[in-house]
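Should a chain be cited, it is by its letter among A, B, C and D, assigned in written order, with residues numbered from 1 in that chain.
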Amino acid sequence: MAEMILREAVAKGLREALEDDRVFIMGEDIGAYGGAYAVTRGFLDEFGPERVMDTPISESVIVGAGVGSALAGLKPIVELMTINFSLVAIDQIVNHAAKLRYMSDGQFTVPLVIRTVTGGGGQLAATHSQSFENWYASVPGLKVVVPATPYDALGLFRTAMKDGNPILFAEHSLLYGMRGDVPDDWYEIPFGKADIKRSGDDVTIVAYSRMTHIALQAAAMLEERGRQAEVIDLRTLRPWDKDTVLQSVRKTNRVVVVEETWRTGGFSGEVASTIQEEAFDDLDGPVARVGGVDVPAPYNGMLEAATIPTAERVLQALNDSYGI
Amino acid sequence: MESTLNKQQLAEFYRQMLLIRRFEEACGRLYMQGKIRGFLHLYIGEEAIAVGTMAALRPDDYVIGHYRDHGHAIAKGMDTKIAMAELCGKATGSSGGKGGSMHLFDSKKHFMGGHAIVAGQMPIAAGLALASKYRKEDRITVCFFGDGAVNQGEFHETLNLASVWKLPVLFLLENNLYGMGTHVDRSRAGGRHIYEAAAAYDIPGVQINGMDVLGMNECVSETVKSMRKDGGPRFIEAMCYRYRGHSMADPTMYRERDEAEELGIKDPIESLKNFMLQFEIVDDGELAEINAKVEAEISDAVQFAEDSPTPDLDAMYRNVYA
Amino acid sequence: MAEMILREAVAKGLREALEDDRVFIMGEDIGAYGGAYAVTRGFLDEFGPERVMDTPISESVIVGAGVGSALAGLKPIVELMTINFSLVAIDQIVNHAAKLRYMSDGQFTVPLVIRTVTGGGGQLAATHSQSFENWYASVPGLKVVVPATPYDALGLFRTAMKDGNPILFAEHSLLYGMRGDVPDDWYEIPFGKADIKRSGDDVTIVAYSRMTHIALQAAAMLEERGRQAEVIDLRTLRPWDKDTVLQSVRKTNRVVVVEETWRTGGFSGEVASTIQEEAFDDLDGPVARVGGVDVPAPYNGMLEAATIPTAERVLQALNDSYGI
Amino acid sequence: MESTLNKQQLAEFYRQMLLIRRFEEACGRLYMQGKIRGFLHLYIGEEAIAVGTMAALRPDDYVIGHYRDHGHAIAKGMDTKIAMAELCGKATGSSGGKGGSMHLFDSKKHFMGGHAIVAGQMPIAAGLALASKYRKEDRITVCFFGDGAVNQGEFHETLNLASVWKLPVLFLLENNLYGMGTHVDRSRAGGRHIYEAAAAYDIPGVQINGMDVLGMNECVSETVKSMRKDGGPRFIEAMCYRYRGHSMADPTMYRERDEAEELGIKDPIESLKNFMLQFEIVDDGELAEINAKVEAEISDAVQFAEDSPTPDLDAMYRNVYA
């Protein structure tokens, strides 16, 4: 068992993946610069420029080149510097990567892992602080991975490399420095299997990515008030693990879904709707949702912080729904 | 016309071009009968490009193109039955009826598709070529695209990457002068000599007559030979003319009826036929034989497509994921 | 009162808009070709090439040029041939059009109307049959309009032209031939005001765009079974009119939300979640949702039809939720 | 150096460049103190481009650029107080603290922003110029962008449209040789002579020394004069050097310490100073006076920013919509 930060866990996954000759990584400034978030620092020296390719600032052709080399039987890993910039490549992701297997009826597959950085909180302002995982999670043909801990990041990354489908792997920028234990022995984490990060009988908090930690904070605050919260980290949004969520809700009868992207049109709507569809009679009140405030991210730190869900807002939402 | 080709090859070019022409005409009829639906873009008039190009390739070379893909697919070796069945949405089609006219694929022939987002196939072509380079193979990738696609950002990103990384992509521009109803003079800076833009990416480029199958074949053969040596990209602009509307839905109100005449357009199939007859490379009897063979193949293809079962409903759920 | 088809209603709106000198329209093949869906047929002759501009196939710069000329005080109308192709311009829409007012704190505004065509059902296969209105509806700074009738299309378009914000105006391809009455007298339809297309006390069906007509079909079938459905057409997704929806649900106690895009991650999740949040105790059972089947659109007509919501599926969903 | 400029103008160039330099240095300090946060990209070394360019424009000409925007904004006339307050996230900032360093805007000065998506400002520049053309005004739009932006699809789409539609955009490329840590030789086909690509769009292009403010000014003046006549686009590639890292977060491990020396980089401010002293255009006393004025303005700006209130929480909700 080793302790490491999430950045190191992802780097470990990348190094393991690169043991396979068919794997290479490409992206903007991942080589000489060492990666905008330093995940691939040292990789260029270690693996050479044929396996670690610095690209021009051309997201569309970067993703497309990933799709093409995947079609040809390689296993590319593409890095998009942040999910904000995925918008200039989204057509390649949605209309190509996600569709070629279906449109060719299985003649071709696209085993492509797209790593990217998501989330706000860095005072990077409106165009650099977004979380579009929910959009990608609505696209048939894609899978979407949103790890919250070093352990999960590595285990999920290993699965991503084996999966054989186009995958959006979104790492939260504020989690790169997060510490956690990572076993020395090999393990993998399946997609579509949520993780109960904390068990409890009184209330369920569903979250993913960085919001998992906000959920845990909220749970700690609830504990002080004598309530035990179960914190479920979805870990993957497509597929997402409704069974684990429903099982928990059937036990606790109260649930709040927390996510960072704008509340209106977020993935929490999917989760909340599904919960009430399938466990209506188990609910003591409406499924609560906490999401980002529906404004572009402001630069000012105080304003920005006010747009992002906090443990206090989670508690408030539970109070609104269940009077607790 | 100077050439290293032999009689069999010329006759085969003729057969293939005719096969594509008749295939397209059959498609047009099936569309009018409501048996082919959605968008249908015919390749009539452009046959020499696909046929001349593919004959210059190795079977393992990759080919990728846009939605006007029947000609590319057939010239790359796709079975006309399977192609026609796909257009009719049948279970026996190349994609089990799920792709349709714009999305033919044939993995065995390394035909990497028919793609319907303008220029969207170009970045993918870079990736196919990247894979060849990565594996140190001397395969090349031919990427077909239209004059309209030239104005998409992906055209630019792909040419730049292919050049900086020295990727073996043959950019094969089918300049039929129109993107839908918009003439290239109104959409492209510098007008119709698009190949000149390749120089801005340090990619050697030429413009040729895309309605002359022998010239096409020769040019692509030479180009491919040099690509296998140095591994770098090339650009060929094949000038041609789209006889029909953009798609079956297009009444072509935006161009003059006699435009083709004014441009001095010569039909690629007629031209080759006249050439072969003039030099007595083939005689009328041989031509008639080819014609008959082609007609038979097309009617078999149509029959096969019509007789094939529609997919079962469960097909809808298959192959979303690996 | 004149009867016209939806295509004519939009054309009427465009003609009126062009009376203002600051208004011009641009897009691919809107001039010489007459528009891919023939909405602007005749416009080039009528208004000349300075007001009706055919563009190259360059969606990103088309939208960006709209943003820029709006910043400079004009009122551009941009046509994106279909919403599928909006993906190559989505960065301009989301990271520029929607954000410039906020990032400049009101120094600049972007009065830009982006008209586009949405929806499936034409056997155009996976990349040409999508509906991304729900994504745009999650973006602060944008407004999203999804008319279902000629009357609504014209009334909403007039409002769009006055609004002063970037607007995505999505017309459903299968509705262009739909007939309806349009008053001769001037009228406008405000954004964020849903329309009760049919009233009823037994069940509420919420829909938008073409699904409004599926909802009406379902209502007719319910009527045969002695139940009166209230059909609510949202008309705009951002803002969306939760008051009208909640009021109806409080009366009927049963509700189904119908939309065409993929069910998972669709806008129906937002609507359903909101309903249960705000009217939990009024519900006789879970809010039902009917959406597109979660697969890329297949070309084959029978398969494609099976992916799109039908009146039968609406009834089935109501039965699942409320046993009716 | 031959020039139509007078002493006052030269001194003013000097003052403006120094003002930007000192502004940037102050930003660097405030960033280290945690008073400026997020991404901060300094313009140090590139001052001559903004100053030389803006002096050649009319006040009503539009200017738009990328996130490395302080120099552009100040040279276009933005108040340093307001700019610094914005960088510190204060209510008195140009965007009330909501835009930050990468998003300065000044509607009164026709400074159309700082934009942070690489090349994202380019299509907007086309739109600004389109508006001028539509209104038959002779305003021009200057669009700043970096060498990295050249590889985005939007660069291509915008140059093509500007050419086909004859839009009065002056494309002003600041080629500082790097996009973040990637040297232009590794990202751009054809390497560092990017202006040559303009020809592919039929846009006249030149390359000049972007660290010589007089040359910059002269070139832009000439260019703008001809643009006002014919209304068409132009392309200027200004070669320069980014003294600091890409942003404050960049330790610049990817380039040699003495690269600037090897390239023979001459500081734009020092060069102008030496020129003016050599030809006795100004004397030490006058320079000292300018220096003092600049120092005072910057310390006022910092003071103003520091003393300004942070926005109230409600500001968060304001100006999402008109």
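Basically, contacts are C-beta pairs under 8 Å (C-beta built on N, C-alpha and C of every residue); 3 or more make two chains touch, one makes a residue touch a chain.
The structure presented is a predicted model; accordingly, all values stated were derived computationally and were not measured.
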Ordered by label, the neighbours common to chain A and chain C are B, D
Computed over C-alpha atoms, the centroid farthest from that of chain C is that of chain D
Whole-Å distance, C-alpha centre of chain A to that of chain B, is 41
Rounded to the nearest Å, the gap between Cα centres of chain B and chain D is 46
Rounded to the nearest Å, the gap separating the Cα centres of chain B and chain C is 37
Two or more other chains are touched by the chain C residues 55-56, 58, 60, 84, 87-88, 91, 95, 102-103, 125-127, 140-141, 294-296, 298
Multi-chain contacts in chain B, i.e. residues touching at least two other chains, fall at 95, 98-99, 103, 115, 117, 120, 151-154, 157, 160, 164, 186-188, 315, 320
Among line, ring, star, complete and other, the chain contact graph is complete
Within the complex, chain B is touched by chain A residues 24, 50, 53, 55-56, 58, 60-74, 76, 91-92, 95-96, 100-109, 111, 140-141, 143, 163-165
Residue set of chain D touching chain B in the complex reads 151-157, 159-160, 163-164, 186-190, 196-197, 199-203
The answer for chain C against chain B in the complex is residues 28-29, 32-34, 36, 54-58, 60, 84-85, 87-88, 122-128, 293-296, 298-303, 306-307
In their shared complex, chain A is touched by residues of chain C numbered 60, 84, 87-88, 90-91, 94-95, 98-99, 102-103, 125-127, 134-135, 137-141, 238, 261-262, 264-270, 272-273, 276-278, 280, 283, 285-289, 294-296, 298, 321
Residue set of chain D touching chain A in the complex reads 37-39, 89-90, 95, 97-103, 115-120, 148-149, 151-154, 179-182, 186-188, 250, 253-254, 310-311, 313, 315-317, 320
